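Heads up, the next two complexes both have subunit A, just with different partners, subunit B and then subunit C.
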Partner chain A sequence: MRNAYVDQFPAEARVVKSAFWSSFLALAIGGIFGLVQALHRTDVLRFIDSTDYYTVLTAHGVLLAITFTIFFLVGIFTWAVTTSLDRGVVDIRFTWSWYVMMVTGTVLVAVAIFSGFLEEPPSILGSELYADVLFTFYSPLQAHPIFYIGLVLFVVGTWLAGFDWFRTWWAWRDENADERIPLPTFMVLTTTLFWYICTLGVALSILAFLLPWSLGIVDSVNPLLTRTLFWYFGHAVVYFWLMPTYVMWYIMLPKLSGGKLFSDPLARVVFVLFLLLSTPLGIHHQYLDPGIAEGYKFIAMTNTMFLLLPSLLTAFTVVASMEHGARQRGGEGYLGWLTALPWRDPVFTGMALAGLMFAAAGFSGMINAGMNINYLVHNTWWVVGHFHLTVGTAVALTFMAAAYWFIPQVTGKELWSRSVALGQVLLWFVGMTFMSNAMHRSGLFGMPRRTAEPQYQNFDFEPAVGTVAEMDAQVALGAVLLVVSLVLFLLNMVLTSFNGTSDSIPDNTYAGTLSGPEDAPEILDNLKLWTAIAVVLVIFAYTLPLASIVESGGLFGPGIDGRQLSLGADLEPALETLREVVA
Partner chain B sequence: MRVSKGALLVGIVLLVPFVIELRTALSWFGIEITVVESALVGLALAVAITAWALWPPNEDGEAADRS
Partner chain C sequence: MSSATERETGDRAVESDSGDIGTVRELGHDEFDPIGTLILIAIYFAILVMLWLFMYFVEFLGNGPTVVGSLATVVGLA
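== the complex of A and B ==
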């Protein structure tokens, strides 16, 4: 008898399926916009105005970095909680409500962005409908209020999703008081907790400053303050995308390899470290921002480097698990076991190649995170190359590979073509190799990011090897291969949905463990403790920089009467002393 | 085959980043090669890996393909 997810949790499967299709739609539009940008800025093929480039760039960033990733995340997390707790959500109507709220938010944001393509955008709420503010959306770029309202609805939707997962766990805990939190649920809960912490920054930025500013309630904002509040959220969101990827690597890759997860306790430590350290490091995106003392930036760099630890632990644990699986399949030798892995399986191969790309992304990330060497690559195409390896491959390729397993699980329909799926994940790897390599190398000689026309008069970039034209061609070739891969993925998903139901869908299971939760100290499951420490670390990392920014530039900009933050007389000397120590 | 067809395909795909980086790496030693020369090196390596994988024949790869 078939025992797929849709058989166990038919109501939840419908929500998960809807979330996946929402993410695929965003992936399709955002991915095509990526090709448009690559062809335009490399001057290979131009069919949009350069002024529209920034509308395309905003849509590409928001639809892929926020919509695609987070819709897929909520699908995976709902699956992980219900599967590992072996119970449905408490109230499926509530589950649908947060999904609908996220969709509503996405539609509002998309309407605001896409209006940028109109010659005469409509005027709503007293201002032109327009949102060419890029994925980072901080001031001085200003969007229409509908853009910010949409973002708020989307984020609140994710908060409610998090509450849904928590209360499902609470209901389970009432019936299983002495049980350890199952690993997939543990991963979901710790991720949700740091999401709550980090999104407070962006909520404050939007609700207190950007939205009132766009509505004309206040005349100005402090740009440095909104930038800092964005990056308070903006780096943690990277880990929010990454955690469902880690969930897949920890609980699916070992099973697909034919073995078990090497260590449940180590996986719990990794997720606790992400809860603690994901947020108090956002200032590493602001190394070149004037107005933030170097000492604060140094603290952010230190915290960032600490986060290499859970990533290295993950590399060890996941590879050890894969080796265990390969040896169960008859693999032998120091490296010979690699050939025994199921490379014919697109789910496994996609995830494994994504993990390999993530290793490269980790190295370029260390360069971004180092204060001194960051100055070399800041705001260059290097950074774009970096995050196309992280979110664009480690996350996106893992999600696409996972979809080949999940879509049959939530629909009961067999995958249309495993061969096309294998070709698709390999093509993504090759396309991204071409594109990201050229972006990194271009960044090294100063090619800027976020510009439609990096071709300057009376100035030539000087690549160490090759020519600018060769690198542009490499980027364009990579982008074309990526879009072909994307089309193959979507084709497979669509044709799978037209398949009839099948009895040969694999059971809905995840990897067992070689070292299980019984080997993990119980304190690891103390979510209140870790959350409290995470909050304290955030307070340490952000209180003084934020106070300093507000003191020097005011809440709503320098010189705006009546809006300056006034510190108490007895706080001022203490703050000054601390600032001198840190700076 | 020494390895499965899937493993062979992945092995060839994994050559791509090495071949692309080869130009940069060789330039450190004062050796500059063109894009076409890089592609030819990549092609030669792919042929070499394929030949290694196909010869001498044994059952391991076929068994891995079936699993």
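== the complex of A and C ==
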């Protein structure tokens, strides 16, 4: 008898399926906009006006970095909690409510962004409807209030989703008081906890500053403050995208390889480290911001380097789990076991190639994180190359590969074509290799990011190796291959949904462990403790920089609002001393 | 299960419809020695070291010293 996810949890499967389709829709639109940008920037094909470039760029960034990733995340996390706890959510109406709230928020955000394409955008709430503010949306760029309201609804939707997972776990815990938290649920809960911590920053930024500013309630804001509050959230959101990918690598990839997860305790340690360290390092995006002392930037760099640890632990654990599978499948030799892995399985191959790209992204990420070398690549195309390896491949390719397993699970329908799926994941890998390597190299000689026309009069870029034309050609070719791959993916998903139901869908299971939770110290499951430490680390990393920014620039801009933060007579000398020490 | 999209063939999948060979032996915690993983990670670290050396030339000899000018002076690069 078939035992797929849709058979076990039919109501939850409908929500998960809806979340996946929401994410695919965002991927389709955002991905095509990526091609438009690549062809425009490289001057291969320019059919939009350069003044519309930022509308395209904003749609590309928001739809892919926020909508595609997070809708897929809520689908995977709902699956992970219900499957590993072996029970449904507490109230499916509540589950639908957060999904609808996220969709509503997305629609509002999209309407605001897409109005930017109109010759004469309509005037609503007293201002023109547009939102050419890029994915980072901090001031001085200003969007229409509807954009910010949409973002708030979307984020509150994710908060409710997190509450839904927590209360499902609480209900399970009441019946299983002595049991360890199952690993997939543990991963979901730790990720949700740091999401709550980091989104407080963006909520404060929007509700206290950007939204009142766009509504005309306040005349100005402190740009450095909104930037810092954005990056307080903006780097943790990177790990929010990445954690469902890690969930897939830890609990699916070992099974797909034919083996077991090498170590459950190590996986728990990794997720605890992400809970602790994801947020107190956002200032590493602001190494070139004047107004933040070097000492605070150094603290952010140190925290960032510490965060390499869980990624390197993951590299070891996941590769060891794959090796275990390969050797169980008959693999031999020091490296000969690699040939015993199921490379013809698109789910495995997609995830494994995504992991390989992530290893390369680890190097370029270390360059970004280093304070001195960051000066070389800051705001260049290098950075764009880097995050197309992380969110654009490690995350996106893993999600697409995972969809080949998940869509049959939540629909009961067999995948339309495994061969097309395999070709699709390979094509993505090849396309991204062309595009990303050229972007990285362009950054090394200073080619800027976020510009429609990177050609300047009386100035030529001087690459050490190759030519600008060659790199532009690689970017354009890579972007075309990526969109072809994207079309193949969507085609496979659509045609799968037209398939009839099948009895040969694999069981809904995830990987067993070689070293299970019984080997993990119980303190690892003490979520209150880790959350408290995470909050303390955030307070250490951000109190002084934020106080300093507000003191020098005011809450709503220097010398404009007259509301300077008063630190009190006792704190002021101590702050001065600390500032001297770290500056 | 050896392949995510294979047809179900029971607890111990032997061969999927793509021709992949399934599990042929069970390896427990104590029998498994991840020597191949060690080799791959050693190769990765070697690549990282080479890339860092490469970045040294890009950063210091290509574009001149930036924020560590004093160090560059000490080592005779500036």
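The criterion applied here is as follows: the second predicted complex is superposed on the first by the 582 of 583 C-alpha atoms of A that agree within 3 Å, B and C clash if a C-alpha of one lies under 4 Å from a C-alpha of the other, contacts with A are read in each partner's own complex, and residues count from 1 in each chain.
Everything that follows uses one rule, which is that a residue touches a chain if its C-beta (ideal position, glycine included) is under 8 Å from a C-beta of that chain, and two chains touch if they have at least 3 such contacts.
All values reported here derive from a predicted model rather than from experimental measurement.
Visitor: Which of the two partners, first being subunit B and second being subunit C, lies in contact with A:Phe262: first, second, both, or neither?
Guide: second
Visitor: Between subunit B (first) and subunit C (second), which does A:Arg329 come into contact with in this model arrangement: first, second, both, or neither?
Guide: Once the two structures are laid over each other on A, A:Arg329 reaches both partners.
Visitor: Is A:Arg344 touching anything from subunit B or subunit C once the two structures are fitted on A? First, second, both or neither.
Guide: both
Visitor: Using the touch criterion from the header, give the chain among subunit B and subunit C with more contacted residues in subunit A.
Guide: Answer, by number of touched residues of subunit A: C.
Visitor: So in the superposed three-chain picture, is A:Leu426 touching just subunit B, just subunit C, both, or none of them (first/second/both/neither)?
Guide: In the superposed model, A:Leu426 contacts subunit B only, not subunit C.
Visitor: In the overlaid three-chain picture, which partner chain does A:Thr543 touch, first (subunit B) or second (subunit C), both, or neither?
Guide: Neither partner.
Visitor: Looking at the overlay, does A:Asn372 come into contact with subunit B only (first), subunit C only (second), both, or neither?
Guide: Only subunit C is touched by A:Asn372; subunit B is not.
Visitor: Based on the superposed arrangement, let me know which partner A:Ala464 touches: subunit B (first), subunit C (second), both, or neither?
Guide: Both partners, subunit B and subunit C.
Visitor: Looking at the overlay, what does A:Leu415 touch: subunit B (first), subunit C (second), both, or neither?
Guide: second
Visitor: Which partner does A:Asn526 contact after superposing on A: first (subunit B), second (subunit C), both, neither?
Guide: Neither: A:Asn526 stays clear of subunit B and subunit C.
Visitor: Show which residues of subunit A both subunit B and subunit C reach, each in its own complex.
Guide: Comparing the two interfaces on subunit A, one with subunit B and one with subunit C, the shared residues are 329, 338, 340, 342, 344-345, 464.
Visitor: Under the stated contact criterion, what part of subunit A meets subunit B in this complex?
Guide: 329, 338-345, 349, 353, 356, 360, 422, 426, 429-430, 433-434, 437, 441, 464-466, 470, 474
Visitor: Where on subunit A does subunit C make contact in their complex?
Guide: 252, 255-256, 258-259, 262, 315-316, 319-320, 323-330, 333-335, 337-338, 340, 342, 344-348, 359, 362-363, 366-367, 371-373, 375-376, 404-405, 408, 415, 418, 421, 444, 464, 504-507, 509, 514-515
Visitor: Using the touch definition up top, name the residues of subunit C that touch subunit A in the complex.
Guide: It is residues 1-8, 16, 18-29, 32, 34-37, 39-41, 44, 47-48, 51, 55, 58-59, 62-63, 66-68 of subunit C that touch subunit A.
Visitor: Using the touch definition up top, name the residues of subunit B that touch subunit A in the complex.
Guide: Against subunit A, the touching part of subunit B is residues 2-7, 9-10, 13-14, 16-17, 20-21, 23-24, 27, 32, 35, 60, 64-65, 67.
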